[in-house]
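What follows is a single structure, written as structure tokens, with notes after it.
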């Protein structure tokens, strides 16, 4: 048994790696400019840079010796002058797809003071003569050069009597350790148990999670248990009366339940039961009474699909040969159902039940925000609406990891419930 | 030979479906919704090209919050817009979401499922790893996260739903292809030296087409439901009359006794989802080979 | 009514599936009798209605089956008109079944001992069940320790022996064996058949034996009925039917068993 569990844990590892990679890819690679998503485009470049710095976003994604800096955005003048338009000493010509620095001018395109501890590197395609970051540039024909300088030096241009034409210009930070990437930063951060800081609430994410978990569980655990008991009982009713009016009615009923949008349950429940008839409090999280309506809505909204699932499981079992054997022995129908079928059906049922555990943690996104329950679902919705990256990422990641763990639990339950598994 | 078998499978399924009165009712409903969706889309394009304001965007503050009447069968909303016209427009958005997310999810799922089932070994390991990873993601939150990262609007919804729901069909296809791989017609094709791609996509795929069709019918309503939800939260559709947005605005007014917008929109969502769910079930039953025994 | 000699009389039994043009007459006006202590063999190709006939005796037929007439007389009563409760009293105690696939006919999550004990619990009060179980396992030449084994831990042959033990647990008067050896290895088939023959002699058991195999018929059966498409096309004493089959269908069936007629049987089987 122990060996089996160890083996399963080992098999679980690739999925854990996958989950970490996927959240990384989603937020760091696909997400692109997280600072812009989180703070909008109107903030200064410098505060974006410090946002990046804090989250390791100013590093290369996976591996690399150079990283972008917000101090100067890459520019290819064949696509227009961009920010250079505002500098009076630079004349843009669309024809030659270049800007020309006038003689006797000096200025720096770097938007803010660079980090003095780092080395930086310009990559420039130019023609003419001048200096950049203190290095002489001189060439009659188009030429590309790389110029390395330190963060505390002045990285700007100056020209004497000649003009300097620039076609392309890139600024890169030199990364000392090429493995010091965003991915590594992320993994290290996770190893430390650091989930980041909420941008909108100015608190560590781990604290927010710790605060939210109890309200969430107080809502989801009752929903979960009541839901499982009710839907298994109803599915047994279906199995017992299969192909009769009762079974058909329950099937139609559960399809109808399934087809009602979740929103409608909430809106209608809140409006009709709480507001119109005053049977429940409308909003708040003060006593158990406040949970009654959200729990009711949670149970009812999940009922349809659960009944259908459990019914299919039960009926699949009912058609197996061992059921006929039991009947041939003279076993009564209730006993066949409860003693023979139910124990076999427990195997898929356990899977379904255990797999739902991670959702207990995420809480019920909408129920919580509608009823003002300060749980993780509430936190999650607000984080999404205010683009609070760290919170969303932490919620997604932990949800996924819990799912992987529950998968493991399912398999262990399997091994306990099903004598056939132990041998494998 | 197996083409013929296929034809008769569809023929038989259709015969059985025709006898199922509920399924036929749902099918008519689906056809009706489809017509409305096409109509809505044409209307939208027409006004877009002509650069005029379509009826469903016509605001008339004097007519705000009017109960259903002979002029506005389903009443008007807070800006005096006709609820029915907006509802019809909502159908076309719901359809767009249902279809485009399927166009993202189904090819991904079918492709990975087929190669995993057919080649087995390392390919299979990789695909299984990939879908277990995706399956581990917490459903709705993951969709929301994708939509957040991609940005507000329909694109976020398409990608969010499309990129998360391919897992189910991938699993199904993998199972089906493994089942078919050992069958004689596949072995015969292999013996003829046909390329793997040809065997998978020209020989096996037509035989598992019914799985794809049933999956499509059943995931369609789920996608519509999710869109309603996302738009409700303000993450999805921004300026078009999506059902989620309508529910959101109607929700506030409900407390003042303005029931019509809420009622008709929820009814529309319910009917669309119900029709697809029931039709999908009926299709599955009609195509289920277990019942053919 | 049942005459003194016969334990079971099936009279004009019809069982149908489906409605309208899709009606399948699985059993169509079938009559046969099983005498006390006798073995009747029911043979016929796949789908000819043998299993449905056998299951009809205690109404174990699938839910979709419709009884369209006829009687099943057993112990002076018509089984088809009994209530569910009365039928349960007879199933397993007076009429027992052995099914074709031992591997799936046991409940996978309970031990063999538990499943035999369940039959004893239902029909035999006031006995020491532990002792009885080991006695039953002895009867089918299995060691006692297998009582604590799960079905998946045993071979097909062992399981079929357990099935026989379970069927005999409450000393039934009639044993219905539905192709008890088809799913087993050829070597094991022989053992199981010998065991059945031995036990039915020992306790004077009447047997309704369903089979494809004329070898089995000639070895075990006193009488034989040949079924085709839900109807009985030929019946009689085993020797008589085997030596001089009247119906073409019977001849075909016999020809399809290579063991009996190796010279003719080499070709493709007309069955299936």
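Read from first to last, the chains carry the letters A, B and C; within each, the first residue is number 1.
Basically, a residue touches a chain if its C-beta (ideal position, glycine included) is under 8 Å from a C-beta of that chain, and two chains touch if they have at least 3 such contacts.
Everything numeric in this text was worked out from a predicted model, so none of it was measured.
Farthest chain from chain B (centres taken as the mean of C-alpha atoms): C.
Across the structure, the highest number of inter-chain C-beta contacts is found for A-B. Of all chains present, the one whose mean CA position sits nearest the global mean of protein CA atoms is B. Chain geometry summary: the mean Cα position of chain A and that of chain B are 24 Å apart. The distance from the centre of chain A to the centre of chain C, with each centre set as the mean of the Cα atoms, comes to 60 Å.
In whole angstrom, the spacing between the mean C-alpha positions of chain B and chain C is 51. Touching two or more other chains at once is no residue of chain B. By the touch criterion stated above, chain B contacts chain A in their complex at residues 129-130, 132-142, 144-146, 148-151, 221, 225, 228-229, 232-235, 244, 247, 251, 254-255, 262, 266, 269-270, 273-274, 277-278, 281. Residue ranges on chain A touching chain B, taken from their complex, read 14-15, 18-19, 21-22, 26-27, 30-32, 37, 255-256, 258-264, 267-268, 271, 275, 358-359, 362, 365-366, 380-381, 384-385, 387, 392-393, 395-396, 399-401, 403-404, 407.
Within the complex formed with chain A, the residues of chain C that make contact are 58, 60, 63, 84, 88-93, 96-97, 99, 101, 104-110, 118-119, 122-123, 150, 152-153, 163, 166.
Put simply, chain A touches chain C in their complex at residues 242-243, 320-322, 324-333, 340, 343-344, 417-420, 423.
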